[in-house]
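Below, each structure is written out as structure tokens.
In the two complexes that follow, subunit A is the common piece, with subunit B as its partner first and subunit C second.
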Partner chain A sequence: MKLEKKWRKYSAVAKTAAQSRLAYWQEMGARTFFFAIVLFTFSGLWGRVIGTNGTLAGYSRQQLVWYLTLTEAITLGATSLIREIEQDVKSGQIAYLLAKPLNYLLYQAAYYFGEMAVTTSLNLLAGGLVAWALIGLPAITLPCLIQALVLIVLGAAVRFCLLAAIALLSFFVEESRPFYWIYSKLIFTLGGLFIPIDLYPEIFRRLATLLPFQSITYAPARAFIGGDWQQFVSSTGTALLWCILLAGLLSFEFSRGVKQINVNGG
Partner chain B sequence: MSTVAKNVRWLLAQWSINLSSAMAYRISFLTQMVFMLVNDVLLLFFWWVLLQLVPDIGGWGMADVWLMYGLAAGGFSVVALLAGNYNRLASIISEGQLDYYLALPKNVLLHVLVSRTDFAAVGDLLFGLVLGALGCRALGANYLLFLLFMATAGSMMCAFSIITNSLAFFFGRSEAISRQLAEAIMSFSMYPGTIYQGAARFIVLFLVPAGFVTHIPVETLRHFNSIGVWQVLAANVVTWVIALAIFRAGLKRYESGNQITLRG
Partner chain C sequence: MLAIETKNLGKEFWRQKKTAGVLGSVRNLYQRDGERLVAVKGLDLEIASGESVAFIGPNGAGKSTTIKMLTGILHPSYGEAQVLGFTPWQERQRLAFHIGTVFGQKSQLWYHIPPADSFFLLGRIYEMEQRDFVRRQNELVELFDLSEFFHVPVRKLSLGQRMRAELAAALLHQPQVLFLDEPTIGLDVVARQNMRNLIREINALGVTVFLTSHDTGDIENLCKRVIMIDNGGIVIDQSMNSLKRDHLAAKIIRVRLEAAIDNLPCITGAQVLKHKGAGLKIALDTSKLSIDELYMRLRELAPIADITIGDPPLEDIIANIYRHNQALEQERRELANET
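And then the complex of A and B:
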């Protein structure tokens, strides 16, 4: 009963976040435009590099374009998480939020997943249509689709833990933005944003598998363009492990951070 | 004192004020500059990985990529340092903030553009100059010509951005789409020209003229021909004529926001 009540409370938060995201149609239009440019450019790039029927280390042009469609849809599914947490911490608003009958981190997680569900779905739809028009539909199988969906959700959880941990650094440092920039570059490189990590030189491939970033972009996109169950089990295990580790770290950071809050009445 | 000399003194004073404002937040300025530089370096990672897998991309090798990134980053830094409001015009127009500039005895567009300097672009400038030097050395190209193309790249980005941001005069709040359109020229500039064929080639030359920002300049640097230089210069002139005409037409439609704006 208690758990059901909690679920209702946080799912209402997620629903509100999803509805408010839908109101920003101009921003969504602009993002779709950018997405179309990226896919258009990469379709040309892969066409030039590997031709229509060739392959690059076993990947066809169609697979590489659809891989990028997935990774970009996920990456462009940006949320207001960092900005919200930073503002709460810097303005001191967090002191009031802590007094509410909500767990602050769970509230942020619910809000984040609500926003993510809308932005990522719309990105997938828009990007999918552009990719379809540019290069045609890939041979999608139901298992690939299911694997990709599961890994997108797990990757989103890993991403939430990382982003929230970065935003909560505002408790300890004046400016947490530079850490976000590092994060975004690590997604670009070790997350395999543009090309599958399998194509990297050995040393970078190994490094990528040791870090959580590949769970966010590479793992779901790789599953979509032709993953197998063995790889899926391995990717799921890795993502779950990172979720647990990072959630623990986040919780520790939060508990240390709130000890630094000074409330002045008035 | 001649009008030109007066304007030069005014521009120098304006940039000096912008620098003083940035120096009030030294740590923030330095952090942004360093991270911009790191950001640029990491962008090369993708091309490095790709060129490990294939010998070239339609005839473009790593040295061409260095030149391309040098021109794109260097061109961006030129416009961001000298005319930092170039990509914020749409917000300024739609929020009625042009009122402030209209009341002053200076050219409105020039005044708006130079009122801000993005000092984080110093990182891009360093990156552009170094990559340009590396690319020119590897291909035996003329560095002075590279510097000229860096200036024309910045000029082209600025003019194109004025065109897209002026949409706000006609369609109201259009910041997001104006910004994306203006950034499209940057996006297209950062990929080898040889990947754009047929209709795509037409788009990057005449609709979003990235071809004149990096593609034609890189080809011209590699195999010098004066036609390439003239093409780039002519494209700049045409784009600026269009940009100024659209801005002027838009300014006639501008309605004051009756907003009280405080400027520090």
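And then the complex of A and C:
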């Protein structure tokens, strides 16, 4: 009963976040337009590099374009999480949220997943239509689809922990934005945003496989264009491990941050 | 029964000091200077259930810090507190189900969605049963007259409408204590009046009201008791009536005589603020001259056609107390420096 009430509480937060996000439909429209341009450009680029029927390290042009469709849909599904937490901390609003019967981190997580569900779904829909028009539908199997969906959710959890950890740095430093900038560049590179990390030199590929960034973009996109169960298990394990580690780090950082309010004032 | 009780409650903060200039900034990277700041010192409070209390003081007096300790957001440096039998900082989440908060400058409604959706979410946050939620929501919509804009996104509401919805939202879970921090800030005269009427109605229903405001109209109209703090400690804790009586050494007397007079003789304790023909406005220091004596002296000049005796505005009283305390504090510091 108690658990059910808690579930109802945080699912209501997620629902409200999804609803709020729909108010930004103009911003989403602009993002979709940008998304279409990126897909168009890369579709042409891959056509030039590997030709219509060629392959690159075993990937066809169609696979590479659909890979990018997924990674971009996920990345552009960025939510207002950093801005929200940063504002809460800097304006002192966090103190007032703490006066409600809520766990602040779970509240932010529910809000993030609510927003992300809307933005990522719309991005996938719009991006999928553009990619379909540009290059046609890939041969998607049901297991690939299921694997990709599971990994998108796990990747989103990893991303939440990373982004919230960056935003909570506002407790200790004047600006957390530079850290976000570094994070976004790591997603570009070690996350395999534009090309699968299998195409990287061996040492970078190994490094990328060990880090959490590939769980956010590479792992779900790779599963979508043709992953296998062995790879799925490995990706799931990595994502879960990072989730646990980062969640621990996040709650440690949060408790230190709240202590900071007590030491330095609200 | 006591709704709020504190014993020797105190809070100290550490404030970092930054050295000026580029070299100073570099030095601050490895050497952090700071000072201990006393925000609240040894606060003893007893507030009964159903009371309406104004908790006032100049900026930086420790009001917000006290509210944050009473709502469990901050841990005190020392002392004890009980709010509805809960120790706030140890049982914050449990206490949250029984208290409501309205902060005039912060919103608890979600900006992009209508109040109706925020109410739904708050109902879930406070773990209300669906039937109770619907009943309570309907009550509040009627009491606060929200129906006209209940389904309009908050960003499109006027400040007066938003504050009405904020207050209603704070009452959704039927709190027993309501903490109000500047609830009428920025509102126009009519909206302010509406808010005050609503707060009075809520208090009449038995909800304890703990109000922080710089608006003396709020304090005078809503609260029967005034607690004033300055420099972290209580300066005054008395009923509104006795506050006025004790600190009103002055009265404002408006007199209209039967005939115009040219000059008013000098009367000790009476200061003429305005004189035009037969009309006079006098500030009377009742510690030096009684109203009766002044009346007799005026009668000697001409028969009195009309007279009204009023108190100076509460704002002046409070400002005088603040000034008096600041002067005392200054003296204390100088004495400490000398010794």
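Miscellaneous remarks
Here is the rule we use: the second predicted complex is superposed on the first by the 261 of 266 C-alpha atoms of A that agree within 3 Å, B and C clash if a C-alpha of one lies under 4 Å from a C-alpha of the other, contacts with A are read in each partner's own complex, and residues count from 1 in each chain.
As a working rule, a residue touches a chain if its C-beta (ideal position, glycine included) is under 8 Å from a C-beta of that chain, and two chains touch if they have at least 3 such contacts.
Note that the coordinates shown come from a computational prediction; the quantities given were computed from them, not determined experimentally.
Aligning the two structures on subunit A places subunit B and subunit C side by side, free of any clash.
When the two complexes are overlaid on their common chain A, residue A:3 makes contact with neither subunit B nor subunit C. Contacts of A:12 after superposition: subunit C is touched, whereas subunit B is not reached. In the superposed model, A:98 lies in contact with subunit C only, and not with subunit B.
Contact with subunit C, but none with subunit B, is seen for A:20 once the two complexes are overlaid on the shared chain. Within the superposed three-chain model, A:142 lies out of touch with both subunit B and subunit C [touch as defined at top]. The three-chain arrangement built by superposing both structures on chain A places subunit B and subunit C 90° apart around the Cα centre of subunit A, to the nearest 10.
Of the two partner chains placed by superposition, only subunit C is touched by A:261; subunit B is not. The gap separating subunit B from subunit C in the superposed three-chain model is 10 Å, by closest C-alpha atoms.
Of all the residues in subunit A, the ones that touch subunit B in their complex are 26-27, 29-31, 33-34, 37-38, 40-41, 44-45, 47-50, 56-57, 175, 178, 181-182, 185, 188-189, 194-195, 199-201, 204. Those residues of subunit A lying in contact with subunit C across their complex are 5, 8-9, 12-13, 15-16, 19-20, 23-24, 91, 93, 95-96, 98-102, 261-266. Interface residues of subunit B, counted against subunit A in their complex, comprise 28, 31, 35, 38-39, 42, 45-46, 49-50, 52-54, 57-58, 173-174, 176-177, 179-181, 183-184, 187-188, 191-192, 194-197, 200. Contact residues of subunit C toward subunit A in the complex are 13-16, 37, 39, 64-65, 68, 71-75, 92-94, 96-97, 99, 101, 103, 106, 108, 110-113, 117-118, 120-121, 124-127, 153.
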